[in-house]
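Before we start, here is the structure in question, set down as structure tokens.
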Amino acid sequence: SGCAQAPAPIAPHPQEEASAEPVEKPVEEAVADKYIIMATTTSTYDSGLLDVLLPAFMEKYGIEVQVIFKGTGQALELGQRGDVDILLVHDRASELRLVEEGYFSDRHDVMYNDFVMVGPAADPAGVKGMAKVTDAFSAIAGGGYTFLSRGDDSGTYRRELKIWEKAGVSDFRDWYLSVGQGMGDTLRMTSEMQGYTLTDRGTYLSLKDKLDLEIVLQGDPVLFNQYGVMAVNPQKHAHVKYASTQKFIDFMMSPEGQDIIASFRIGGESLFFPGKGIKD
Amino acid sequence: MPPLLEGISEAFYLILTFDPYLMRIVFLSLQVSGTAVLLSTLVGVPLGTFLGLKPAGRTRLISKLLYTLMGLPPVVAGLVIYLLFSRMGPFGVLGLLWTPAIMIIAQFVLALPIIAGLTMIAIRSRGKTIQETALTLGAGKLLTAWTVVRESRFAIFGAIVTGLGRVIAEVGAVMMVGGNIAGRTRVMTTAIVLETGKGNFELAVGLGLVLLLIAFIINSLLYRFQEGGKNSAW
Amino acid sequence: MPPLLEGISEAFYLILTFDPYLMRIVFLSLQVSGTAVLLSTLVGVPLGTFLGLKPAGRTRLISKLLYTLMGLPPVVAGLVIYLLFSRMGPFGVLGLLWTPAIMIIAQFVLALPIIAGLTMIAIRSRGKTIQETALTLGAGKLLTAWTVVRESRFAIFGAIVTGLGRVIAEVGAVMMVGGNIAGRTRVMTTAIVLETGKGNFELAVGLGLVLLLIAFIINSLLYRFQEGGKNSAW
Amino acid sequence: MRGEEIILEVQNLSKVYDKEVLKLEKFSFQRGKIYGIIGPSGAGKSTFLRLLNLLEPPTTGSIYFKGKAVSMNGDAALAVRREMTMVFQKPLLFRSSVSENVAYGLKARRFPKEKTQERVEILLAKVGLKGFANRNAGTLSGGEAQRVALARAVAFEPALLLLDEPTANLDPSNVELIERLILDLNRETGMTFIMVTHNIFQARRIAQEVVFLHEGRIVEVGETEKIFTDPQDQRTRDFVEGRMIY
Amino acid sequence: MRGEEIILEVQNLSKVYDKEVLKLEKFSFQRGKIYGIIGPSGAGKSTFLRLLNLLEPPTTGSIYFKGKAVSMNGDAALAVRREMTMVFQKPLLFRSSVSENVAYGLKARRFPKEKTQERVEILLAKVGLKGFANRNAGTLSGGEAQRVALARAVAFEPALLLLDEPTANLDPSNVELIERLILDLNRETGMTFIMVTHNIFQARRIAQEVVFLHEGRIVEVGETEKIFTDPQDQRTRDFVEGRMIY
């Protein structure tokens, strides 16, 4: 209901990627793997993108991708421990740091979308019309309007914290509810309480019909949301199916894969944009 | 390296420092689960006693129903209660969503079938004879029921502990209706899930151990209220 | 508007059309929980019988421990098992993570204390006399134990049903160690959580009802294996 | 007035399990008497007592207590049970102390607490169990348990007492003790007793009237001496004379 | 050979609960005899049987079965229990049919299935319960249950049978039946019986030797007639004569 305008167009950047360090590839296995295991975030999983992307990959390479969806923090932990083969997450800073530390390799900025601020149609805090999310956050804090925070160390939550910091808000009182849940549940609660929250666009769009919320602010460059794909470094975990993960990354980054991402829509609206959408 | 060991030391640290974050959620856990189990006991023990004293044949359907409800998935219970109390649901006007009160309701619904069902089973094995003995001695309905319960106290204690175990360890329903709001509706289990989601396995294991320790203490206290079932064989 | 009613019609629809997605997860649920409960029964009933026949005084600590473990939060159990079987854990080389096998292990750990604990309580009330009768009639250890169990079948049945209820409705542990991988480790409860998260309440409620229905059918079947505890009062 | 007022009456009483185990046309018990019910094992003696004590619904027929029809579930049941009690053939003692067991009926009747303990002590002495007050009832010997059950039943001085083999597990001197207690209570308080016993000597010693039950039917009723010295029915004769092996 | 071989012997046996309830110095039972154990309620008769049957550990002392020391938990216990059995004062019947109850010991001994049913029928007839085979054991009358328990115990022909008040709930004709069964078994198979009874007439009728237990001690032992006609101890005299009220 409340999405007034299309997401701010942010130009896709060229595909080539500054992969942190080239990895010495182990000997190509003779027999192809039947499957690989990918950990991703709930928002990605819930969007339904993988339901079109993975069958196409399966079709082409005969490798099944089994998906485990977890909070971003847990997904990264699973990868570090070598319990999955590949990650598709959206916490760029942590991803780059972990590549640096050698846990992951072959990281690529595979797609992006953006965060939006949602709130009740009545918009008691008067956020609609503001251009800067920091202003909106200040207004909410100033008026003590209900704001729900993921509070779960997810990519979204980390972004939210950054914005509070930028807005200079440090005094959180009763109006600020840290709910420690996934995006979908947080949105549901926000709708019930008629409060405000920060969400990724994909999750919001896929739940929109069931929510009594509107987008009250979007398009601020601060709200940018980059997804990355990366393989677990076989030098840390020799058992991972590195060769197959490479095939999957190649596929994701190929024109075919990028095309699938670009053309994936719900209710006529794009959820993700291919490639990298941000300058380092 | 071993997060399990770290979890144990984390647990000790949290307890020994009386960590205020911990204290608060422990207190809420106890309050919510304690109230829910108390209410379930007040309803479930009389209900189970009543059913247990009826001939098994006549309560076959209701027995099966109780057994089935023992397996009610908490997340389904939570979902249904959520839908009933949500703003657009029939009881939305009460505004109970995201409060400890509704968490108690959810846990009550989960503990009741267990306490009633296991009480029924306990009573069925020996209750009839006890009931008749009490009746012949001129006991009224209330004293009779109380006598039957008292004589089966060991098994009923087991029922209550099982019910308590179910709700204090439960996460799906309280998460659904309570919302895991920090400082308001966050209990031990939802905190554990949160920390797990963040990848803080040590803290999660630590919290889990604290929860188990609390369960142990509660059980030990409850244990005193009953004695081992004595029996004699002449 | 009422998602509850829609959930009910959804449930009927799913069942009547033999929805393949549903069939698959139902089958896996049954397989995992069935195996886990079977194993827990095989271990827990003998263990509970053994403990129940010991004098209550001598098993006080282990009783309390069992009661405590009945309240083991599934997510903690799941987490610990995950850490043990993770690639960096001691059993990582087995590569059991994200398989039905490890889900069975997790559910076994959850059901065992319940089945053993409730069996212990059941045996304690009348088991000693039964044991002595069997012994005087020349029964060996095995036949004696079997007789004690058989005579307490009603209560032990209750223990098994409670254990089954716990695991088939459980979501935290199987999610943690199974990973809820579509077509591989997705069971009823994890599917419900998934659909709830997506806001598909009707489907979630529908799945929940299907789960309850299955629980009802299993319980009804199990019910036949025992008879209501008869008792006579001369 | 003893023996003239009817305290309990049954009409057309029958009980059917797999087959009919009891079928009585009409029988009345008079206040203040001691009845002995004798008959072979399986004759229906315990069933009869259970029906009289409203523990089992009869298949057909009615029971009248002091002239009023009473049934198991009726409102009057509690009132009736307050005046009538029964000691089972296999009595169940509550899992508590001996004195709590004996005091149970007094508690149910809100008997003053101060006096309870005293009465319990007196009763225990009467059944030969002095000093047993604080014993766990679960640890008693067979005969001790039977005596505690009897003490528990007489504690609140019911008008009518149904006894099912009250001395089955007792040695002669204890039998004597119990029989004397029954006779004393009957004499002093006018308590009515209906006592099932397989021991025909016992019936002869204390019953004023004897009912001979056989295969669920009353074969013969009469004054004790008459039944024993001049039974009318052949089956009664067989039971009291021919097989009088002890 | 009857009466010359020792089947069971106790030495310095004692049992202490709150207080000492049994204390025996030395006593032996000879194979093939019928022993009667008499004594007042609470004398320790049931406790004695339970110790003999290795159901309870003695506080001090030892039990010898056929000359070998045996204990409750020893490996030999099962072997001993295969030859010795006990019928409780308050027997427990398993929650199944009467015939399954009677067949239990046979099953434990892997007695051929084909013959089991036949033997069960014969035994039921012997205890006067023809036609009861398929009845639910939980619905029996007191005396019926007691007889089923006895049939169950003799079914596998143990060498030694401990009976705790086996006829307490029976009427005279059934008592006769059971006593005849005991005498027959003793005569035909040489089975040894140790029977606790509060009924001194019964002891006199069937026991060959009588043990008088009083406050946990053996006061007097002797041939039955001697005990009854010429008791040496005053307490025995009181018990068998003075108080011989039935």
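Odds and ends about this structure:
Going by the order they are written in, the chains are A, B, C, D and E; count residues from 1 in each one.
One rule holds in what follows: a contact is a pair of C-beta atoms (placed from the backbone, for glycine too) under 8 Å apart; a residue touches a chain by one contact, two chains touch by 3 or more.
No experiment lies behind these values; they were computed from the predicted model shown.
By number of C-beta pairs in contact, chains B-C lead all other pairings.
The most distant chain from chain D, with centres taken as the mean of CA atoms, is A.
Distance between chain B and chain C, defined via averaged C-alpha coordinates, is recorded as 17 Å.
The geometric centre of chain A is 37 Å away from that of chain C, both derived from CA atoms. The distance from the centre of chain A to the centre of chain B, each centre being the mean of the chain's C-alpha atoms, comes to 38 Å. Annotation: 45 Å between the Cα-based centres of chain C and chain E. Residue numbers of chain A whose C-beta contacts span two or more other chains: 182, 185.
Listed for chain B are residues 129, 132-133, 193, 196, 201, 229-231, 233-234, each touching two or more other chains. Multi-chain contact residues of chain E, defined as those touching 2 or more other chains: 46, 55, 88-90, 92, 139, 141-142, 164.
Within the complex formed with chain B, the residues of chain C that make contact are 1, 3-4, 55-57, 60, 63-65, 67-76, 79-80, 83-84, 88, 114, 117-118, 121-122, 124-126, 128-129, 132-133, 152, 154-155, 157-158, 161-162, 164-166, 168-172, 176, 188-189, 192-193, 196, 201, 204-205, 208-209, 211-212, 215-216, 219-220, 223, 227-231, 233. Residue ranges on chain D touching chain B, taken from their complex, read 53, 55, 78, 81-82, 85-86, 88, 91-92, 94-95, 104-105, 107-109, 136, 138-142, 145, 152-153, 156, 158. Interface residues of chain B, counted against chain A in their complex, comprise 86-87, 97-98, 175, 179-184, 186, 190-191, 193-194, 196-201.
By the touch criterion stated above, chain B contacts chain D in their complex at residues 129-130, 132-141, 143, 147, 150-151, 229-232, 234. Partner chain E is touched in their complex by these residues of chain D: 17-18, 38-42, 45-47, 89-90, 128, 135, 139, 141-144, 147, 164-165, 168-176, 198-202, 205, 239, 243-246.
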